[in-house]
Each structure stands twice: as C-alpha cells, then as structure tokens.
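What follows is one structure encoded as structure tokens, with my remarks underneath.
Chain naming follows the written order as A, B and C, and within any one chain the residues start at number 1.
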C-alpha cells in the first residue's frame, strides 16, 4: 500500500502560493459595543432576504437567507408557508451560516501531482482541472466504455452530475442513502404496499393516536416536520411506544419504553402480529377489503406468542400484549414507523416487511393518523436529446440482489476491484457530495477499490476525508451561493421551493451545475446543456408550472392542489395498490418464488463475546453525519461524541465520566482517536452508544480533526441483505481500552 | 407588562436550535452562548426519567445581578427584562458572581453579556429568536399580567417549576413538568 | 444514578466548568483593603484617646503603609476590570444595594484622606524634607491642627472599609460559601488583626509592640471564634452550603485552609504571643509575619473556593 498512487494525502503541502482566506467573519466577532445598537438597527434595515432551501440534510426546508450588501450572511430563517418546516428550521439549518463562513472550506481545484518525489495536492485553475477530468473520462469511455465511469453521489450536486453521466452514457450510479440507509424499508414496503415509503416519510404523525418507533430516535434525528409533528402528537396526548435498547429522547417521552435486547426486533413484531390476530384486534374490514395472504400470515404467527418473544427479546409478555392492545385501540390512527436508517443486521428488508404487515393489520396505510397518500408536483425536464443507452448500469451491477431498486454502492465499489469474474469493471469514479469514508463500512474494501481506480474525482464543499484519495478535487460552493433544481418533494400537498444564490460564491468555488456543464461541453455534450446559467432552466421550469422566477423569488415556496385524489382512503373507494395482486401483500409471492421467506421469520444474530459490547450508533440533532462537524456554529454545540457506557460496565472496567478510551472491535480494528466516556443509565449493559460522524482524521478540518471516535472505521463486519444488497452494520462489537494501543496510524 | 417564558420540558428534545438561533440573531461570538440545554437523568435502567431544559437568564424579579451592580449598567426595563448597558459596564464581574444560574458571561469586548429576551425583536412585535425557531414549539413567551395570554393559561393549567427557587430570585422562566 | 450535564456543548471561557472571574487581584485587594482599614482604624483610635505619644508608629508610620496598600489595592482592582475605559461610571451614581458601590465611594474618600493624614505628619516622618511651596507648609499645618477631625472621620470610614470587603462577598447569595452574615465581621477582624501584626513588625517601641501583641491576641481569638461560627453555619445550612463546607473541610482547599490559615495563620501565632506574654523570648517577627501570611491566604482561599461553589449543575 505504501507505493500506491492512491495514497491518502493527509497533509497537503499546497506549494504554489497561499490562498487568500479573508473570510467575512461577521458572525464570529462581536460588533463594536459603541456602535452595536446603532449598527444592528441599520444592519437590520438593510438586510436582504433571498429564498433558498436548506442542503444541510435531505429534508430540504425552505428558508430565507438574511444577508447584507457586503456579502455577509447574518442568519437563515425558515419560510413560514413551507410544509417542510412551517417557518422553523432545525439547528443545522439555523447553523447553515457556518457552512458559509467556515474558513476550512475547499477554495480552489486541486490536482494530485508528484512534487519533489512526493504526491501532494497542487492548486490548479478550473480549466486545468476540468480539462484533465474530461480527457480522463474520454479516455475511459474510449478504452472501456462510458459504463466504466461511476458516480457515487448525494443531494443536489449529485443531481447535476447524474444528468452529465447519463448524457455521457453511464448509468453506473449509486448513492449511499440507498444501501447504507433506507433501501431495505423501500423494498420491504414496496413488496407489501406496492409503494416506497419515500422521502419525506408520509407518516401522519400530527393526527396519530399511537406512534410506535422501532429504534427510530425522532428528536435525536432531526427530521424537521416529524419532530414538529411528534410534538403536536404529545400535545394531543397521543401514546408513544418506543422499542429501543437505549433510552432515546423519544423513548423518554413515551408512555411505553420497551427496552429490547438488540437484534431481536423481528421477534417482537411477530409476537405483536400474533396478539393482534389471536385477540381479533386487527382491522378486519380493512384487511378483508385490501389485503391478501392473511390466512398464511395467521398460520405463520400461530406459535409466535409473547412468551416465545419474551425469551428472545427480554420484554415481558404482559408488556407485549398491553402495547399491542394500545396500538389496536388507536388504530387506524396508529403508525408503526418504518424508520429511516434501517441497515442493521442483514435481514432488514424482512424486518421492514414485518413493520409493513403490522401497519396493514392495523389498517393504517392510507388512513388519517397513519400513513397518508403522498403527492409531489412533477417538474418538466429541460429539453435535451434522449440519453444514450448504456450496455450495463447499476441494475446489472446489483444483479445478485433481485429486489434492489437503486444502485447498490457496495456492489459498485466491489466492481471497481479488478478480478477475473468481474463482469462490470469500473475504472473511474466521480464522488459528489458524499464522504464515503464515513458512510461506507468495511474500510479495507473501500480502500482496495479506490486504489485500483484509474481516476477519481471528488466534488465537495469541505476537505472531507474522501478528498484525500482523489486525483482531482473540485470545490463546490455551498447551497447559499448557487442555483439548484427546484425542490419538489412528496408531502400532503405538493409544493415547490426555489434555491437561488444569496451571495456570490466564496473563494474560487463553483456550483455543481456549472461543473457538469463545463465537463459536458468538453465531452462534446453541448446539446444536453443548452443554457448559459442554470437560472434559465429554473425559469423555464417554473413557467411550465404556471408561475415564474420573479414570483418564486418573492414567496420562496408555492403550493399546488392535489391531483391524485384524497390523502386518505374513503369508505366506498376501491383502491388498488401497486402490487402484483393489487392488494396489500401479507404473503409475498415474489419473495417465495425466489426462495426467500414470504413472511418474515426471526433469525438469531451474533451476540457480543465476553468483554465486548455491541457498537450502537445514532444521530445528534445538532449535526448531519460527518458533514457538519467542522461547521463553526454547530461545532460549538457539539465538538466531539461521547461513548455511552452503562454504570455496571463502568464499574467493571473502572471507567470514570470524562475519561478518554480507545475501542477495538472483534476483528482487531482500533479506533484512530480516543473517545470520551459518559457513564449513563440510558444505555443497556451489553451495548455502547456513540453519535455517528466524528473522529475526522483529515487535518484540513481544523475544528473536527481528532475529535471523538469514528464508528464507521470500527464497522468491519458487514452483513449484506440478500434481497437488496443493504449493508447491515450493527453486528460489530467493541472492547474498551483505557490505554492508547500502540499502532500504526490508520488512514 | 411582565414578560415571562414558559418551556414545556415534555416536548423539548434538546436539539439546541434555540442556542444557534440566539447566536445568529444576536451575534454571540462562537465559544459563548446566551442559552444552553441541560439534561437531567435519574433512575436505574430501565426505570429512567429524562428531563431536557433550555436555560438562559431568568430575568428575575428580585435580580441579584441588578442589586450588586456598582454602576447601574445592569438594570430592569419595562416588562421586567434585565439588561446590561455596555457602555456603563466596567467589567467588575460582580454580577457574574451573583447569578445563581451562571447565566452571564464576559463578552470578549469587555462588558458583560447575557440573554436579553430579544427585546429588539419584542419592540417590533416578534417573539425572541429562540421561541420563534424551536421546532417542537415547546417555548412560549408572553405577558404574565394578562390572564388570557398563553403563558398565563399554561401556568394555570399545568404543573410547573422554576430553577433554584431557594435562591430567592423570583425567576421568570418557567418549566412545565 | 443521577446525571446532570450540558447537552449543548456549553464551555464559556471563565464560566465553565466553574467560575474563574475573580483571581489574585481581588484576593490581594481584599487583603490590602482589610490591612489598610485596620491600620487607619488604629491610627484614628489612638489619636482620639490621646495616646499618640505612646504609639508613634501606629499613628505615624503605619499610616504610610495604609496609603500604599490602598493605592496598590486600587491598582489591582483597576487591573481586574475587563471594560476599563468605563471605570469612571462607578462615580456617576450611588447604588445603596450594591456593596461594591459603597466600596468604590469609601475608597474614593478614604484614600486621599489617608494620604492627607500621612502628609499632616510629614514634618515628623520626613524631617529632612523641605516643602518648597509656601502654601504646602500652611496646608500641612492646617491638617496637623485638624487631625482630631480627620480621626473622627476615619473611624467610621475604616470600619466600613474593613467590613464591606466581607459584605461584598456575603451579598452574593449565588455562592454558597460566601453567603453567610459572618463574613463581614470576620473580614473586619482579620483586617484589624493583620494591621496589628504590621504595627508590631514596624514599631520600634517596646511598649507599642507589647500593647499590640495583646490586641492581636484578642483579635485572633475573636477571629477563630467567628470562623468556627461560620463553619457551624454551613453545617446547619442547605445542601449547597454543606457542599461548600466540604471544600474547606474535606476537599481541595482543606490543606490550605487548615494548615496556612488556621494553624499557621491563627493558632500558632496566638500560642507564640501567649508564650511571649508569659515572659519567654520569642522573635517578634515570627507571629507577625505568620498572621499576615494567614490573612492573605485566607482571602485567596475564600475567593477561589467560593467561585467553585454553585447552586446548579
């Protein structure tokens, strides 16, 4: 590995000239006290408000950016009429200012070159960088075919590059958000209801009477309107039932907290089904009308009694019965929440199926207080010639997983490693808007793949770890400085939101649409980019929708009337689900035909050995994965993660609050950085817990480097879901080391 | 007019939006905060109680910080809001020592700073930044002297507490429990 | 198990994890203020009871130390301010509820007064000094004639100065270690005792030293009684006061408090002075220095430990 071209460049000696970093730091300095009131008054009068929608997470809340004429951003406030936020942004959205002011941002394009016998990043001009990328892409297309160029993406920059790639002839596209996050539930619900859960989830939490969370930690995950609606549900005295080995924030607000033994959720779900069927608590009319396979289901869960589940889950049978009855009493206004990041143990699609089946039994799909029928406005595609048809793409790459409906990142990564059997050789990557180091488990595989590539481009706003492996790094400007696609996401009512630049891009950063267009033109794809400024595209699209750019600039968000009918099923409706049978499928023929369990079964998963603790990870409302740890405003709230340790464990290992420890997992992988201990009763004695996204090891991230530990680097054991290729990551166990283990510094 | 803030701990998730919003609204320097989130855990697994609170200056009626200020920089205005006039503050630190809630801090520019209930926003008819941004809508603000205001009604109908009542400061930030 | 923690990374400089607002400038000022108060009190007292002939050091030379202490103390206070250019705001208003305001005004009056007192003795203290200007000589004679009036003024002023250093701390009900009524009289007694020790150090008259040894002994005993009183107060107080007491009695400050303040600063000098009164020869410097050291360390302990005690978190 030491002679590898893909050597991770940790310290980049940028050589040719320093970069001017005079950032406008209005927010980090106090204003001179003499003039404070005076200046604040005047400044408030002169603040400009520009419409945007947030990119700090996928919820895309529409907001107003308050900036002044000097190009400084003062604050970001939610758009009152936006159904994604109702005028209230979450802490990451409010702290989005920090993304703009962060002086650690990528500032110029960087090209990996050999300087004085050492590989390092050299600052380059956009022309040089783009020409290099275009020539490499052309080269790969000529030698191997455009299919061999892959795109690993996330968010808005991903969309622009997806268009470029499809025009270029490659459909080898994947995003970690599928196989590392919500993929299993989309497949699970798709097989049952014929519809993905989708994003944002169509959960009618504000009207629900009973919210059941299987491991979901709403309140720590900051899905804006879900948190808002959970608060509304609490005001309406809704019952919350949380199933979690840890006392999450949601669990602390629950009437019933089932402190389940990790990895045993399916047993609980099956026992609940048993109780609902056995005690005739399920929605008989709904099931008779809309579901098929009920008898098979009844037969299947016959023996899965609460007593049986007690032995597996350690949840008392009375508690299982009681919560099942509560759920049924509230039905159909009950939500068994599908969760979001559900890639846990490798049988996650089956667990999602179980959750979907439970919802079906309770009759909550398509009912008020359950799941509403979502709708979104379709945005016309800006005219361009049809995309060429590639010989193979993400579907073929993921062919071993019959129920995968999007590109499987891990399969794409595997296809990048040359081997005899590799039918779909990937030779080059463009990584746009995702820090693969913190999203893809099994670091060894990732590094092996990256090492074998002929060429790799990374597009990012910050010098994340993934940039250290690139041949070319392209600095993208933040969402506050650019135009992007019109937001049109599914919701109760369709709405669109505008993103326009509030200020000019800082340093030499550019928007992704510009990068895609420049590359497209260098690749001879002018016809796909028939515009000078993305503003023209948006303006045209808005006109097609019957509005205009001027209008959206004034209001930010526009709502439309539903066209697909009511949000809920009506009594006399004969709704047809998009499944093969047209009904909700409790028994899945599709699965049976391919040899998978047509109705979910419980399988026992590996448990930690003595002295090891299951590594659980989760979210913090102040951060979005590893993306925001360096953001000055958000870093101020939380600069490192803590390791939650049960007091019994702390006693055995003699750990004190505030002590720093290292972690070593079952495969001997050690954490690069120590993590601070928090001794708390909130976590079970067989597990430890930490917030995901810390432990950055790129020194260019001034605030985030070395703070906290990275859970991703400790996830070496991955169980792949046989249905859709999702990577189950919660089967890793760590032991706690109080002394710094001597080791070579992992990269 | 007696302003008060009421925070529903049953709904607060400790997201710290109030902290960031206050920072961006009031130009609080990074590294300092006018409000913060406190978490309290009691019990033994799995019988645990968790309370999350958003805390700040309590704008006390019997404010020790106003009493001990030698220059009068620390004063109370209409509505019961405790403010510091920065060009009267000498930075002696007495008010910081006198606050049982440790709500004040030394601003890098030398004077003492703390939550002002966003009185510059109140003058325009808006709510304090923290109240207006809270995603769980667990924060309420209003006039206690008006029996029909939201805050008055909440305090009448729900169990509530204040912090360190034994300090005798008569704080005006209430927590619904 | 009980846990209370900040969820939103609160780590304000000088506030978390415990207050670090007041440090050595305040401790030094409290010590010097108490010292000066005591010295001026004795100077004024012995002038009023017309014993100035027998106690020349007290009324003349020790007062110089008082003036110098006040000036150094004021400089230390000024240094401690973080918004120094506005210090004059202290004198634009009198705030009766603020001990610090009393202190500011008392200092404003007593410092020049102490300098004038010294000046009134300048012909005796500095016989070789030739006051060039005629009006200065007249002024000095005027002061010398009005010494009694100055003394009457100095008595209440010096008592207020001595007591307010304690009340300043005890008025902060947010710091359980300070919030007891004994601190005022305790600091006054401590100030008087350190003043007596200073006089013993500086005096050349055997009678004076003997007299002040007895006075000091008496003051030390009162001080010990007040400290016991204070600790009993904590013990019988609320939870936060018990925790505060732990700092002094069974915590980080126990060694400093018991060894330097109580034993070396109070008990040991008292024993030495009793021995001396019984007739044995004891170098006078030893108990005096120990008392001074004890007084200084006592102020340090109170200021530092007090800021660690708090109501919440």
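Note that a residue touches a chain if its C-beta (ideal position, glycine included) is under 8 Å from a C-beta of that chain, and two chains touch if they have at least 3 such contacts.
These numbers were taken from a predicted model, which means no experiment stands behind them.
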Judged by C-alpha centres, the chain sitting nearest the middle of the protein is B
Name the chain pair with more contacting C-beta pairs, choosing from A-C and A-B. A-B
Rounded to the nearest whole Å, what is the centre-to-centre distance of subunit A and subunit B, using the mean of the C-alpha atoms as each centre? 35
For subunit A versus subunit C, what separation do you get between their C-alpha means, in angstrom? 64
Residue numbers in subunit B touching two or more further chains are 14, 16, 19, 31, 33, 41, 43-44, 52, 86-87, 109-111
If you look at subunit A, which of its residues touch at least two other chains? 622, 636-638, 680-681
Scan subunit C for residues touching two or more other chains and write them down. 1, 3, 5, 8
Under the definition above, what is the set of subunit C residues touching subunit A in their complex? 1, 3, 5, 8-9
Of subunit C, residues touching subunit B in the complex: 1-8, 10-16, 19, 21-22, 80-84, 86-87, 89-90, 92-93, 95, 97-101, 103-104, 168, 171-175, 238, 307, 310-313
Touching residues (chain side subunit B, partner subunit A) in the complex: 10-11, 13-17, 19-21, 23-25, 27-31, 33, 41, 43-46, 48-50, 52, 86-87, 107-111, 120, 132-138
Complex contact set, residues of subunit A against subunit C: 622, 636-639, 647, 678-681
Residue numbers of subunit B touching subunit C in their complex, please. 14, 16, 19, 31-33, 36-44, 52, 64, 67-73, 86-94, 96-102, 105-106, 109-111, 163-164, 166-168
